[in-house]
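Please find the structures below.
Shared between the two complexes below is subunit A, which has subunit B as its partner in the first and subunit C in the second.
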Partner chain A sequence: MTVDHAKPAAVGADRPATERAPAPKARRRSDRDGKWWTPWLFLAPALILFVYFKFIPMITAVTMSFQDVQPYLGNQWVGGQNYGTVLGDEAFHSAIWHTVIIAVGQTVGSMVIGLALALLMEGQSKRLKFLRSAAFLPVVVPIAVVAELWRIMYHPTEDGMLNSILGLAGLGPSGFINDPDTSMVSVIVTGIWRGAPYDMMIFLAGLAGIDRGLYEAATVDGASRWRKILHVTLPGLRSVFSILFVLAAIRGLRVFTEVFLLTNGGPNGSTEVAMTLIYKLGLEQNRLGVGAAGAVLLFLATLVLTLFVQVLRRRRDA
Partner chain B sequence: MTAANDSALGLDAVKSPGGRILKFVLYTLLLLVFAGPLLALLVSAFNNVSDPTALSVVPSSPTLDNFGIAFDLGVGMYLLNSFLVVGFGLLLQVIVSVLAGYALARKKFRFMTFVLVAILATLMLPEEILAIPLSLILSDLPVVHLNLIGSLAGMIVPLGAWAFSILVMTEFMKDVPRELEEAARIDGAGDLRIFAQIILPMCKPALGVIGVFGFTMIWDQYLLPLLVSTDASTYTLPLALRTLRIDTNVTPGVIMAASLLALLPSVAAFLFFQRSFVRGLASGALKG
Partner chain C sequence: MRKSRWIGVGLTVSALVLSGCSAGPAGTNVAQDTKAPLELWTRTTPGGAGEQATKRLAEAFEKASGFKVQVTAIFDDFETKLAQRAAQRDLPDIVMNDVTQVGTLKSQGLVREIEQGKIKHAAELTEQALKSNQTPDGKLYGLPYSAQASALLIRKDWREKLGKSVPQSWPELVDLAKAFTTGDPDGNGKNDTAGLNATLSTKRGYASWYFSNFLWAAGGDFITEAGGGKYKPSMSTPESAAAVQWFRDLGCKDNVIQPGSVTMPTPATNETFEAGKAGMYVVGPYLLPRFDKALGKDKYEVVPMPKGAKNADVLAEGLSIYMMAGSPNQAGQDAFGDFAISADGQKIGMEGETAFIVQLPVNKNVDIAQVRPDPRWKTYAEIYAKSGHYAPSIPNWTPVRQDTADTVSALIADCKLDTKAELAKLDTKLTATLQQQGISAS
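So, the complex of A and B:
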């Protein structure tokens, strides 16, 4: 006690000139901060919800992945066995493969088309604003509605909506989501339809940040439209590209609802992705431990991807 | 010439006849691809066709029958469930976010960085991956031992924790000038008063952002209601679409009518609050 009191006094005695300055500052800070628990009171609702619905599930997922989960019988520790099952399982191999294809297809497709849309619709006119809003609508349509709409559009007979359009072009009716050969492409196309306008908006925000003077300078130098895009626009959008890449790749890896509703993994497992398989294992077959191991692996993949792109970005910026 | 510099392609400034035609064709094509399917949905919802395959783009015999049939199949109840979930879910999320945002933006305390990082980290934690443990936890909440499976509460309570809303509020509250707060302190105002009467009113634009994003995010929920609901009485409208489809007597027109009801609220929210929406998109994605 006495030591604690002595210390500040000694410091004050050493530097009498500054003695007055710290005192009001300290008082002001204690005013501003109030009691030490005030911030925790404000944070309490958020923390409770995060602990219950994010952190406990996360911990549960990890522990479950090392257990043979038997409701009412008690869980048994099985070490890495679930991971072995997942990694050795044919069904999981093809599901992971499908997930990667969908993630890559949707990411690349959405970014290319999104960039094209952004370049075509960049501008200030009223008409362009209307066009952009109209093109953005797919993003705000609930995913369940998107899936039902495209299911009907993909109707495999000749009078299905998309097949009648294909018919106009003289192309035969496609089975779309009902044909194992085309089901994957169909799922990806639906994803691009919903993903591209989102990417467009982000690209537009990025385009707005590009220095107009650079375009002018390029024009003065006699650069063509394509050269301007190649040398001014694309480099200016670099950070947007990496952000969109991470967002889209994560979106692709965790794809669930549209596959669940469009094909539920079929036909013949041709569109089974990691999440639909995990859902089936966990909630339909009650193999909770194996499902959890799959989920943890999927999470690690997402994490690695995010960190990888962050590191790449840092290195390039430096 | 200068107008052409307003955009990368300078397409907006093209005025030659050939350019005009090219623009018209391009923009029409874009509209057809991205808005066309939604137009087909809209028209089919009001079209009297019993054909189980085709969607119609041209209205042939307008009718409201599809909606009548949809409501006979319980769409009214599903819609009410959806509104209850989005209403209470959004209310909870906004309250949680503004409170947490205030602490994180205006206070300095021990472990603040840790809390911030922990909340940020959940943005990288896809809800899909947590689905199975979450459904177990909802069936028996630790400590309080409540079972929320089969109740709307189970769909509402987890929605309160959304890091995006908290981060938007935190960033925005940081920008409220210190002087305002200090003046109020000198006048003897406590934390709650400062929060409610000074900080919160200055954050209306941010409230708009988290309101419209939270709304569309909650309205779009599929997996959580799927995990929680045990029977049709707690289905939300997006969830109910699948059950409608499985009924072979239901025509596409009826499904499209129900789909229209399911998409209208979020499309309306987007159209009314476009400015907030775009601001949120930019701040959410580009700062990250």
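So, the complex of A and C:
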């Protein structure tokens, strides 16, 4: 507590009780917070940018989802027709299903591998710092480069990079992204490769916050390494798991670039996800209203998922 | 309610009002200013030869007319970026892009009608090129400035090494493709070459684009005009189905299409040919300078596609100048279009060994043999005139191309699929697309 904060209480102590109560409260608020608009002033630059580049486009997208959008001919109000088109489209149902598969696959894969990497690389050694930086590299590489890299690695002939490795084990060659049976797994693997190091860093931060005394106590009790992970590490990382789950699930639901660049939703629509379909409907076929309806539905799904996880988390914490 | 919440409410209401205000039509009755610089977008690689050639044409136009032009080259996702500018109601003044965009642009109200009377050189345009820019109502919504058709590029050195002749029929084409695939034509001792190089990605509908070279020659069609400006889907007709089956066999039975074709857009496919991984490629003349540099002129030859079951029709394409809606300088737009299609403009567009934007001239008064003595260009010009087949001008060709690309690509990617069932499904999708555009015959 600062001297300024302590003062009003000291002064107020000598006054009658009827006068005492409001005065310190008002002064305390004024002294500590300044004018009511001060925080808004600091927030203003960011807010203005957010309003014009985020919130207005978002609201415009909602408006567009109820219109047949023809900017130079005049938009026509069509009510829920665009939503009907999207929801009745078989391709959209498949795309949602594929999106869920990719979201679950990439989320689980990234978290499991991220946790494993974090457990392996936890510590203060300089070598570990180097290894951690090296492992983090896929996150900072632009996604377009990642996609091109994996497209080359997935070359479907025997002399393709990954197929040469499969060949050593007497397997393959696999078509990877060129075969509808393996394309989905290939896209998920690329996503995991990029997402796991990100999860690793968050897990490392979470691991640093676990009380070392618990490990020592577990050692004294004769707990094995596996039991320590199960009963100390994992419970200690509970909040990290829920944050990562939300982040990874949102990332999974909004997956676009790697799919667009690797397969463009193919072959035979086997990797078509909500975002690539929305892109095709809205921007390639110029059906902006239908695309916007798809985008609003995806936004609502993401919102519901996020709220669901938050509610679940609060209940657990309570 | 606290003041902060009121501010939040105020911001939301402002946003709603702003978004509501921007919902009305725009682009009509714009105040005209002949001094306004013309913003020109061209679909070509930024910093590449196409951009240089466009700038050269723009500079010549500026000198001749006094109008100002700002050239912007965009290649990736050109239509997407244009749609974004349309959504902002701030289109460039002139767009130079594929002729197949004419229906889409017109139906979206993004282009204005071109009054032929104001374009004095329009009378010199070839009928074929002019027709490709007209919508079914006969009105002109784009001005052709370049044309092209597909020819067959063959690795001549490989063909001669294997003792094969230039294919004159489809069976001979398959035979040569098989020889290129299994005969180790590059002599490296590995089985790493393909017979046919094909762009079969679904991106931008490339698979449909490529397959049209085979579909039309077999007598098939994507959609067929049923009279009165109405169309019906025709991918299930015996001719179309036979063309699909024949093409599919190349990938699924004969294995002569390059591996990974179903996820390859044009840049990757071009690289495959110039890297010596495939022996034949059906493509337009715009790639000749690139392949001359990468492979060498002597390594490959340009020949007409062999005749299919019906004829030797190949995909004809063109590039058009679109006068975009909402321009404050319509006089400048018309003047640029007129200059680009004039004999002088066409020759400027054809200048150079690599940096040219006019493939085949659309002006009757320009003789390609005189401007470009290379006989390969004459081959292309003859193919265009005799066998060039444009996609029909319907309100929006993009969904038709996209739907057919999805199916063609799928049939090559998954050899277990039932061709007949997939084509029936495709026709159902095409019917829905035609109905949505108000041109379905059923």
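Following the convention adopted for this analysis, the second predicted complex is superposed on the first by the 273 of 318 C-alpha atoms of A that agree within 3 Å, B and C clash if a C-alpha of one lies under 4 Å from a C-alpha of the other, contacts with A are read in each partner's own complex, and residues count from 1 in each chain.
Assume a residue touches a chain if its C-beta (ideal position, glycine included) is under 8 Å from a C-beta of that chain, and two chains touch if they have at least 3 such contacts.
The shown structure was predicted, so the numbers you read here are calculated from the model rather than taken from an experiment.
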Just from the overlay, do subunit B and subunit C fit on subunit A, or is there a clash? clash
Once the shared chain is lined up, is A:Leu117 touching subunit B (first), subunit C (second), both, or neither of them? first
For A:Thr233 in the superposed arrangement: first (subunit B), second (subunit C), both or neither? first
Which partner does A:Val86 contact after superposing on A: first (subunit B), second (subunit C), both, neither? neither
Counting residues of subunit A in contact, which comes out ahead: subunit B or subunit C? B
Quick check for you: in the superposed arrangement, does A:Ile56 touch first (subunit B), second (subunit C), both or neither? both
Please indicate which partner A:Asn286 is in contact with in the superposed arrangement: first for subunit B, second for subunit C, both, or neither. second
Once the shared chain is lined up, is A:Ile192 touching subunit B (first), subunit C (second), both, or neither of them? neither
In the superposed arrangement, which partner chain does A:Met153 touch: subunit B (first), subunit C (second), both, or neither? first
Contacts for A:Ala134 in the overlay, against subunit B (first) and subunit C (second): which applies, first, second, both or neither? first
Contacts for A:Ala205 in the overlay, against subunit B (first) and subunit C (second): which applies, first, second, both or neither? first
Of all the subunit A residues, which ones make contact with subunit B and with subunit C? 36, 40, 47, 55-56, 60, 151, 155, 157, 159, 279, 282-283, 288
Over in the complex, which subunit A residues touch subunit C? Could you list them? 36-37, 40, 47, 51, 55-56, 59-60, 63, 67, 69-75, 151, 155-157, 159, 175, 177-181, 262-269, 279-280, 282-286, 288
Counting only contacts in the complex, subunit B reaches subunit A at residues 1-2, 4-13, 26-27, 30-31, 33-35, 37-38, 40-41, 51, 53-55, 95-97, 99-100, 102-104, 107-110, 112, 115, 118-119, 122, 124-126, 128-137, 141-142, 157-158, 160-161, 166, 181-182, 185, 190-191, 195, 216, 219-220, 222-223, 227, 238-239, 241-242, 245, 252, 255-256, 259, 262-263, 266-267, 269-271, 274, 278, 281-282, 285-286, 288
Spell out the residues on subunit A that touch subunit B in their complex, using ranges where they run on. 31-34, 36, 38-40, 42-43, 45-47, 49-50, 52-58, 60-61, 64, 117, 119-125, 128, 131, 133-138, 140-145, 148-153, 155, 157, 159-161, 164, 193, 196-198, 201-202, 205-207, 210, 212, 215-216, 219, 225, 228-229, 232-233, 239-240, 243-244, 247, 250, 253-254, 256-257, 261, 275, 278-279, 282-283, 288, 291-292, 295-296, 298-299, 302-303, 306
Residue numbers of subunit C touching subunit A in their complex, please. 3-4, 7, 11-12, 14-16, 18-20, 22-28, 77, 79-80, 83-84, 86-87, 89, 91, 104, 108-110, 190, 192, 201-204, 259-263, 265, 325-326, 396, 398-399, 402, 406, 409-410, 412-414, 417
